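Letters are used for the chains, namely A, B, C and D, taken in the order the chains are written, and counting of residues starts over at 1 for each.
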Amino acid sequence: MTPDSSSSPAGDPSPSAGDRRIPVAVLGATGTVGARLVQRLERHPWFRLAEVAASERSEGARLRDRVSPDIELSAVDAERTLVSLDGPFRSHLVLSALPASAAREIEPELAARGHLVVSNASAFRADPGVPLIVPEVNPDHLDMVDHQAGRWTPTGGPARDGGGIVTNPNCAVAGLAPVLAPLDAAFGLRRVVVTTFQAISGAGRPGPSAIDLVDNVVPWIGGEEEKIEAEPRKILGRLVDGAIEGASLTVSATATRVPVLHGHLEAVSVELDRTATVDEATAVWRAFRAPEVARGLPSGPEQPIVVLEQDDRPQPRLDRDRAEGMAISVGRVRPCPVHTLRFLVLSHNLERGAAGAAMLNAELAQASGRVRPALG
Amino acid sequence: MTPDSSSSPAGDPSPSAGDRRIPVAVLGATGTVGARLVQRLERHPWFRLAEVAASERSEGARLRDRVSPDIELSAVDAERTLVSLDGPFRSHLVLSALPASAAREIEPELAARGHLVVSNASAFRADPGVPLIVPEVNPDHLDMVDHQAGRWTPTGGPARDGGGIVTNPNCAVAGLAPVLAPLDAAFGLRRVVVTTFQAISGAGRPGPSAIDLVDNVVPWIGGEEEKIEAEPRKILGRLVDGAIEGASLTVSATATRVPVLHGHLEAVSVELDRTATVDEATAVWRAFRAPEVARGLPSGPEQPIVVLEQDDRPQPRLDRDRAEGMAISVGRVRPCPVHTLRFLVLSHNLERGAAGAAMLNAELAQASGRVRPALG
Amino acid sequence: MTPDSSSSPAGDPSPSAGDRRIPVAVLGATGTVGARLVQRLERHPWFRLAEVAASERSEGARLRDRVSPDIELSAVDAERTLVSLDGPFRSHLVLSALPASAAREIEPELAARGHLVVSNASAFRADPGVPLIVPEVNPDHLDMVDHQAGRWTPTGGPARDGGGIVTNPNCAVAGLAPVLAPLDAAFGLRRVVVTTFQAISGAGRPGPSAIDLVDNVVPWIGGEEEKIEAEPRKILGRLVDGAIEGASLTVSATATRVPVLHGHLEAVSVELDRTATVDEATAVWRAFRAPEVARGLPSGPEQPIVVLEQDDRPQPRLDRDRAEGMAISVGRVRPCPVHTLRFLVLSHNLERGAAGAAMLNAELAQASGRVRPALG
Amino acid sequence: MTPDSSSSPAGDPSPSAGDRRIPVAVLGATGTVGARLVQRLERHPWFRLAEVAASERSEGARLRDRVSPDIELSAVDAERTLVSLDGPFRSHLVLSALPASAAREIEPELAARGHLVVSNASAFRADPGVPLIVPEVNPDHLDMVDHQAGRWTPTGGPARDGGGIVTNPNCAVAGLAPVLAPLDAAFGLRRVVVTTFQAISGAGRPGPSAIDLVDNVVPWIGGEEEKIEAEPRKILGRLVDGAIEGASLTVSATATRVPVLHGHLEAVSVELDRTATVDEATAVWRAFRAPEVARGLPSGPEQPIVVLEQDDRPQPRLDRDRAEGMAISVGRVRPCPVHTLRFLVLSHNLERGAAGAAMLNAELAQASGRVRPALG
């Protein structure tokens, strides 16, 4: 038995002898996003799941007895015992799938203890001291986390050395921002009008009632439009002296909920500084690759944007699973009589928009040397 | 037996003695829109159903054996015998719910014989000699039909005196144009970006396959966007010397099909000539009434546009049936960061968008003295 | 102003002068069933809505601010003020749409005060002292309520004179029992195997999550199968010396939830004492009428059971609204290779299965002289 | 270039040098089942796709231009050229996903030429000379195919040596029969009452209209109940002197279509010769394994039947994909008050019920030495 495994909490699996992958803690492991993080770690080449935590009422329970029925865990993971969100955690790297309210309390506290918290929560996305990252778009913003140590103190005290918080975008922005970024780089992006068709799983469990989504569309998602309008400016912004100078872009969003399980579809019209033809935009999207530092991350598809040519695509059910939900589909690219171009974007809200996004950020943190084998 | 009833085709009901309502023929009576026209005539104060026609393969059959299962007809109507689309028809007024291809052949022929054809088909909507009418918006365009006699000849020869073709808009435009018209009148309308969420029944039967609309949205409806971009310009245009001078408006449309039975929802952003606040626009919509000539028509709601104030409305299932599907719901009116205002529009595609629209046009024709008790 | 109206709670409508209809209180008016009771009272010939009550957290609020969005109330009803479930109520007749837990506490208390409580709740359906009634089937069981006064005391003390509790069946049984009753009378009913396809609205709000009913069926409804197996025995039983002798019938039920808004469909196989052909059973169902005492009730269709002959009917969406949801559709009647006959039953769970069922019981109580103009 | 590949039709991929897998032809490759067969062959350990055929109107086209959008083929398969259903085919083994009408004509003709046709079509399932096989249940029935040579001649002449037709069951029976078989073996099976909830994909494309399956269930599938009642008797029957002696079982089936994409759910009540407890039945199902000859086939799960213990399972969306759709889920096993036991069964209609079923039969044919490397 290795020293490491001997200190496992009772009932939890020990890593195989010789498993040299970096231990990771997952917070909020019972929800769909948290469970998907657990599942993504099952065969991860760099990381291994070491600790799973959930809210007080699940503490001490087996994961299998509390986990979302939508995710089929491995037998080993199903048997894990849930620990308190307060920890203590031995893993330096903490993946958080907490709801915003819990994240707001717990994440700064963990950063103060020196954990690197890679969070899917919305709590700190708009915080000027916290990076909001899509590795293919703005991996350089990750430098912001280095400035959190000793300085950033929303509630938990300043982050300890090596500690900090990194966030990924809202699930609708996660598909949109990588599509806007290369347009902005190539043609200059001024204005965006977007209407979303968002999937039910984006609301978590219990989420919307069935009575509201049979033979119906609900044209409102509380707080969503504000995020879609604000987050792209931060993601496409420039890091200047450790702070983000937001992009000058204006976004108008209308967010709706449709009877679709997974996959956010978005109808987008963009006004560009320079004229761009359908072929030019298509070429730019197809050529788009992550910057060097973020290239080859295990969860990142080599080609992040797939442009479809059929008239009636992308469709949520047919296109959401491309590259395990990490590739973004663009289709129906055509000139816009009001602006410059219009098109549809589809991305998997649980993968590219949540669990995959957080995992990709964790991989970026590791690739850039910021993850430690254990809390120091 | 009255003289009138003695000339009824075998098997068809005679009008009650003393029923002085104007006889009407319905073409394409077996489809959902045609059957809804039949149903709307059951208790119509001005018109009575005299003749029902359908395509060759239904000729001679009882209506009940061929009609869409979605419409529950009265026992009397269910027993009617379907006659040929070629007629001859005794009614001067003909309501057409034919598909575009059949309409293109038959409607001009009927106009040439002197029938006033009030059509829901798309075949002649864009024809410069044919009026495209929403009674609350452009009832004056009906004058165009008076110029068809002796002149308009797409295929059937010139219309005979009293004959002609009148059309109503595409089902997505039928809800949109009346909402745009008062904005244009009050503030000047420049540009519109609209994304539609269209109901299944808009496609007729068999329509889309279930396999494509469970857990899915199809972001394309062939030919629809072109209509949504063109028709508002004609409807909001001015009649000058018998021809339409289109409005200068530019529309960009993205049309999608969602798993909803009835009710087209549309997310709209408008750029106006003059600034308008949410309250000003709301007041303009609430004050909107049909012009004098079109006021008080039996199928027209007194208040054509209802502005909802709840955050999450309009919703197709909850709002489509307002005023028997003839009132249009507007909701979520708010400033648009890219244009001037944005809002959602909902209207019942089979009522305001098809059967009710054609009926309202027939009523306008009657109110303006253009309908005759029988073909001369 | 009449003396009656002068004592109305502030903000509540007074009955029109000369409105001689019997006042009624509705408990649980904010839920879908309660709101539907309110709506059914808008034009009721015998009863008028006098009082609306809801749970503590809605007390004092306007009905419109708490009511289920699925029901569109009249302007007058929307403005009513909700009072406490504890009353006091002036109406003798109380219609209860409470959840079982609240019903269990409040209904006996009201009976003890002398109110006749006509309840849709499951709380006392199985109570040997409480009648479980479908007016077309067992109106004579209503005599049981006369024995409650002074005797029946589950928790609230004995019912006061004129007070008591009357219940209607579970929403799946409400459609099934009236179909079984005439078979039993004509041929003797031994065994029933039934599989239900139950609509979402049967679960109230919030009800099942959309994530569980898109692209899915949930083959379990907690507690439902037990009710479907037990209640028909009581309804089809005989009243002997004031107590029910249950029918000897055996029922095996499997209850499932399907993505349908309203309308419970049931696939039924029955074993009869005597052989019955499809034609014989059809004739028996078509001839079925309510017993004299329950005939002509305002909410009862003249013909309670409609037998459909098309291959593919009944279907929830097409057949649930027959006779305002009070007629039960039977279809696909055919011999059963295992038992005697098999067929499908459809009934509207909110009407025949809940609000309409309670209203019909209230009407039966009035027709049999048990309702008083006010609490004595 | 190998001799084999040099004779490939233009445009079709050559097998990799050294690919010693047995060549297979797929008929009806453009439909969902056919395309799924193509997909299953991509990584098959024993077989390789050599020829793809479709109806006349697709002949000469690329597979990618005609294939069902529901199946994502590999780039290599997408480029294959469709040949005529008449062949000639070089593969001895032919997998047929043809509709019944085409199968009726073509399959006997291919058998007469010496092909072993493993068919998913219903055309010959009931033919007394054709085996109807589920490898885990009745692999011995495959012997029947040996008697087809020189004798069996429905239309195509007698099968040539090595030629013949083998079928798999209807998609609803494919899940049911393996669940009934071990009950029959252990306890004796007398009577079965089954109600199905069948998925949309079972109807192929275009299949049911969306307008019929939003907010609805269609309680009828033409011809389905007859198959569900007849096929289990043949599958559970005994092969005596080259002919099937049907099991004495009686089945009563009601078949419905529900708004589910994939996965047929069935509510089953069984009457057994001997009493069986829930635990006994569960043990029998869990112990059930394929007979020796059919054990370890590449597409067969080691444990064909999974018994679930949660109250609300199996559910189509959550359980259909178990073992790539080849494991059958049983749940809610409980005593039946009318018969002996009742339970729910779920199986994937496209895998266990169609493409996987045919593939498993092909594997059984190979394992039993009946497949040749090429048409002799």
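We adopt the following convention: a contact is a pair of C-beta atoms (placed from the backbone, for glycine too) under 8 Å apart; a residue touches a chain by one contact, two chains touch by 3 or more.
Just so it is clear, the model here is predicted, and its values are computed rather than measured.
Asks: Go ahead and align chain A to its copy chain D using Cα positions, then give the rotation in degrees, nearest 5.
Replies: Roughly 180 degrees of rotation.
Asks: Is the C-beta contact count larger for B-C or for B-D?
Replies: Higher contact count goes to B-D.
Asks: Hey, how far is the Cα centre of chain B from the one of chain C, in Å?
Replies: Chain centres of chain B and chain C, defined by C-alpha means, are spaced 41 Å apart.
Asks: Between chain A and chain B, what is the gap in Å from one C-alpha centre to the other?
Replies: Here the centre of chain B sits 46 Å away from the centre of chain A.
Asks: Would you mind pulling out the distance in Å between where the CA atoms of chain B average out and where those of chain D do?
Replies: Averaging C-alpha atoms per chain gives centres 49 Å apart.
Asks: Of all the residues in chain B, which ones touch at least 2 other chains?
Replies: 70, 212, 214-215, 259-261, 317-318
Asks: Residue numbers of chain D touching chain C in their complex, please.
Replies: 191-193, 195, 197, 212, 215-220, 222, 229, 250-252, 254, 256, 258-261, 265, 267, 269, 271, 311-318, 331-332, 336-339, 342, 344
Asks: Which of the residues in chain D end up touching chain B in this complex?
Replies: Interface residues on the chain D side: 70, 200-201, 205-215, 259-261.
Asks: For the complex, give me every residue of chain B touching chain C.
Replies: Residues in contact with chain C: 69-70, 214-215, 261, 317-318.
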